[in-house]
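Labels run A, B, C and D following the written order; every chain starts at residue 1.
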Amino acid sequence: MKWHEKMLNIDRRWIYLILGVAVIVPAVVSFHVPVNVTPEVRRVYDFIEDLKPGDIFYVGIDYDPASLAELHPMAYAILDQCFRKDIKPVVATLSQFGAGMAEQVLSEVAAEYGKESGIDYCYLGYKPYPAITIMLMGVDFRVPFPQDYYGTPIDSIPMMRYVHNFDDLKGVISLSAGTSSEFWIIYGYGRYFMPLALGVTGVMAADYYPYLQSGQIFGLISGIKGAAEYEALTEYKGEGLKSIPYQTTTHVVILAFIIVSNIGYFASRRSKK
Amino acid sequence: MIRFKIRLALILISASVLLLFGYISSPGQELEAPPEPLPAPPTNVVISDDPNDDGHTTIVSWQLSRDDGAGLNNVMAYEIFRSTSPEGEFLQVGVMGKGLDSYIDRGEKEKTRNGEPNPRYIGAGIDYYYKMRAKSTTGTYSEFSELVVGQAKNNWYHTGKTNIMIAVLIFSGLVIYFITAAKRGKELYVRPIAGIDAVDESIGRATEMGRPILFVLGTGTAADLATIAGYTILARVAKMTADYQTKVLVPVNEPVMLAVAQETVKSAYMEAGRPDMYDEQNIFYVTAMQFPFVAAVCGLMIREQTATNFYMGIFHAESLILAETGAITGAIQISGTDQLAQLPFFIAATDYTLIGEELYAASGYLSKEALLLGPVKAQDYAKVILLTLLGLAVITWSFGWGFFKSLISTIS
Amino acid sequence: MTTVELLWNGLAAFLTLCIFSFLYKDNPFYKFAEQLVAGVALGYWTMLLYHTTFTDKVLIPIFQQGKLHYILPTIMGIMMWTRFSKKLAYLSRIAIAFYIGVGTGVALPLYMYNYVFRQLQATVVPLQFSWLGLNSLLMVSFVTCTLFYFFFSKEHKGTFGGLSKVGIYTLMAGFGASFGLTVMGRVALLVQRIIFLREYFIALFGS
Amino acid sequence: MRRQIPLYIVLVCGIVFVIQFFIPSHESEFIFEYGQDWVMVIGILALPLGIWSYLRKTWLTAVKKPKERFFAGVSLFGFAIMMLTGLKRESLMAGSLYMELFEYVLIPIQATIFSLLAFYIASAAYRAFRARSVIATMLLGTAFIVMLRLIPLGPISDVNQALVGWILSVPNMAAKRGLLIGIGLGAIATCIKIILGIERTYLGRD
């Protein structure tokens, strides 16, 4: 058997073994992989980075626990960046099961920076009917959320005194597995034209690229890779970056497989001629 | 006596101090802030029925307050109140922002909740009274608008679905027309599909090797259309295996599918004149859960050394596990599914794949019966109509004419 | 981890390794896990359905809420059992007919709505002389070519054949992209299993 | 007759539920929910057929093949223990033996089988992604480009990223839409065939 024939008919267990090694190596040896940051993620980062201390930014934690693995890291990194820059996030959730989860992320990151609820950030909690809630927030946050998650009336929250609707904040990012992203584009951007960015799961990413191209959203963070890019930019040590060595080694291995297999294929075709 | 005078003096002094305080505190505030002008209420409130529901929803519409965006320009929102009687307790049912002039009042469908009457309930044919007021930016309210009354109706036709109904009727007409045309003996040409042509050959191969055939109907339910398309192919495969006396194994994951698959195979054997060959044991239930099912099927492939594997129906993540295990055993594999996410894996790992619509066309192809080929022709005509509509809609819409676009637009 | 947790996790780790061993070849360990999980899954599923769906849709409506019209579907469900008898087996077809009839009746208009109309509607975008407009034009053309590929009653020859080729290329590009996108998620699943094993062995032997 | 009655049932049910879609009324909603429940009840009550099929097959395997006895026993043991531990309604609460078995037997096995896909994806890519034809090249090309986005390659990555964005939003979207429209038409045609009784394989014959 010629070398290329051997190569084409390689026992698939060698492939499994190589892939297995590619997954185990990062688990045993820790190494750093530079993350290639995509422009759509960088735009989100730059946007927040360019805000001035005291600016208000809306972060929508609109996912439920099922997509926690991919979207939680984004929430951590973005809130971390906000607090580091003394930007005041307004946080709310449009997902039925998101309220407790959002509270946990927010208070955890806030505690790290010693930020106080009501002064440095505001958590509004959950409201059903995402489309209506978004439209009402465009009128005034007090309409859908007369009080915040902890029961304080919005009017007596210091940082919200002059914040009425999307005009009073610098921008919006919604992290969601899909459903509310669409509402944000149609009812949020479509009516009020505030700068809007989205964080979505990897599977959903393909559906939101068209909006990026048409300019309806200014940035898009997708999947665990997007989260890792964001963490790389903000230098936040989170789950996103942790997963990158595994992803890189396995992707390199699979791409190498494709190249090797094609070399073998062309060599065998030439020898047949 | 003196004591009494002192007491009196004390009382008088404290009383005057209190009075003085009262004077300073209460009217003083009024002096500081002059009364704010209240916004005007919205006018012409109209209650109408939502024409497309089952009588639990009304639509409230109004004319904007004259201070909304004009006049005092201090309206922030509108509040909508509802009650079942003009004097009764009014419940705030909704808030809409400034500039908006209608509200859909979706009532709840349960008349009672925990034994108590449910205040959020809206029922068909009951009078509901509505009033509204405007809320100003400073939190003051306008007067209430005039009381109006309206009802929700139980509707019998959904006005937003007319185009879908027409499409269903036209398409059904096409199908019926082509079936009758085919019955009258009109020859229908159909292009070859590699996956279907390979069916016969792959069964022959299994027979030569003396090994069984595996047929997986997917992990959907018995009534999923892709599964039903799978039954037709199974019938064809079973009939051939009866002729060749080859065993066909059908593991299933749903009990109703088990019953249907057994009927399908049994009648195919009867049609082939070999009812004696039929063994119910070969069509068996494994388990409903996706991965345990797949583990069992993979084990089956390896231990029975199946020579040909069919995967026809609805598949999820398991598609590639099955296809790769089949490739290890060296089986010829033919797959077909309408699950977009799994098609790439079937295409990569099986020998032939029926892509989406091809799976549905397969039943016509395999039977070569005019009755079953007619619909394939109807599908093609429907495509021509749809593409024409699409082209017209895109071109006219580019020039700002939305008629054709509205023809294919649906309510969400 | 407590001893009990260690034992339970030990079982989970053992079964995990049993399944992984299938990558090398079929073996008694894999077969053990496979057979065990088939039984466990069926038992789990049966009891789960009994406590949830069966209770909610049969026992409670009939015996507690007095909704007697739920007796009819129950009778029809029981008709499925006639399959145990050769003579009466044809009765089960009535239940099957109902099952399929309702399923297809519900599905028909929904397919028209979700698969045909909504997809067409999403494709209608105004054409303009810009990068965006070019993309919309390409989108409409690619959708058209893809549908050409699915023409069954016309020979794919000449110009039509060329267009349908573009259609299958578009399909393949789409499939390739999905394939590429999926890898990340699958690797993440594998990493989770590896981390589970690693943590278990660290807990067992100490790091 | 035996064959005719089921066909009429399919016809009537099919037409009723098609029409139901266009009627929003209260009565129509009731029919929809009742019909769905009806299907669900048939599905659950059919489960004994499945269990019987499983038990008989496992039992016969054990009887016929002495070598398989141990494995058949394992399977039956697994089934029996879940049925017994799951008898009480409380066993659905966390902490019961039933739920522990779910968590430490079912979940790990399911998750591991799912994770095998990482290996299979690699092997499928090796075997299938060869540039044999234009079609195969399109498949492997886009998959390659999309996977490449995870690898840091400096300026190449930026170009690649733009390309991935375009592939995802134009050809990928177009392919999905074309496929869905085709599937829609095929599925509707199948529905019509079933309702009209032209497609009747699933009912078997006498």
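Please note the rule applied: contacts are C-beta pairs under 8 Å (C-beta built on N, C-alpha and C of every residue); 3 or more make two chains touch, one makes a residue touch a chain.
Just so it is clear, the model here is predicted, and its values are computed rather than measured.
Participant: Which chains are shared contacts of chain B and chain C?
Facilitator: Of all the chains present, those in contact with both chain B and chain C are A, D.
Participant: My parser should flag the chain pair with the most contacts; which pair should that be?
Facilitator: Contact tally peaks for the chain pair C-D.
Participant: Of the other chains, whose C-alpha centre is the longest way from the centre of chain B?
Facilitator: The most distant chain relative to chain B turns out to be A.
Participant: At what distance in angstrom does the C-alpha mean of chain D lie from that of chain C?
Facilitator: 3
Participant: Between chain A and chain B, what distance separates the C-alpha centroids? Give it in angstrom.
Facilitator: Result: the chain centres lie 27 Å from each other.
Participant: Quick one: report the Å distance separating chain B from chain D, using the average Cα coordinate of each chain.
Facilitator: Here the centre of chain D sits 18 Å away from the centre of chain B.
Participant: Residue numbers in chain A touching 2 or more other chains?
Facilitator: Those would be 12, 16, 20, 23, 205-206, 213, 225, 247, 250-251, 254.
Participant: For chain C, write out the residues touching at least two other chains, lowest number first.
Facilitator: Where chain C meets two or more other chains at a single residue, that happens at 19, 22-23, 31, 33, 37-38, 40-42, 44, 80, 83, 93, 96, 99-100, 102-104, 107-109, 111-112, 116, 120, 123, 135, 143-144, 147, 150, 171-172, 175-179, 181-184, 187, 190.
Participant: Using the touch rule from the top of the page, what residues of chain D touch 2 or more other chains?
Facilitator: Within chain D, residues 18, 21-22, 39, 42-43, 46-51, 54, 106, 109-110, 113-114, 116-119, 121, 123, 125, 127, 129, 139-140, 143-144, 147, 150, 168-169, 172-173, 176, 179-183, 185, 187-188, 190-192, 194, 202-204 contact more than one other chain.
Participant: Is the way these chains touch best called a line, a ring, a star, complete, or other?
Facilitator: Shape = complete; every chain linked to every other.
Participant: If we count contacts the way the header does, which residues on chain D are in touch with chain A in the complex?
Facilitator: Residues 118-119, 121-123, 125-127, 129-132, 140, 143-144, 147-154, 157-158, 161-162, 165, 168-169, 172-173.
Participant: For a test of understanding, state which residues of chain D touch chain B in their complex under the given definition.
Facilitator: 18, 21-29, 39, 42-43, 46-51, 53-54, 56-57, 60, 106, 109-110, 113-114, 116-117, 120-121, 123-125, 127-129, 139, 143, 176, 179-183, 185-194, 196, 198-199, 201-205
Participant: What part of chain B is in contact with chain D in the complex they form?
Facilitator: 52-55, 124, 154-158, 161, 164-165, 168, 171-172, 175-176, 179, 221-223, 225-226, 228-229, 231-232, 234-235, 254-256, 258-260, 262-264, 266-267, 270-271, 281, 284-292, 294-295, 317, 320-321, 323-324, 327, 338, 340, 343-345, 347-349, 355-357, 359-361, 363, 371-372, 375-376, 378-379, 382-383, 386
Participant: If you look only at chain D, which of its residues touch chain C in the complex?
Facilitator: The touching residues are 2, 5-7, 9-18, 20-22, 32, 34-52, 54, 71-72, 74-83, 86-87, 89, 91-92, 98, 100-119, 121, 125, 134-136, 138-147, 150, 164, 166-185, 187-188, 190-192, 194-195, 202-204, 206.
Participant: Note which residues of chain A are touching chain B in the complex, please.
Facilitator: 12, 135-136, 138-140, 143-144, 155
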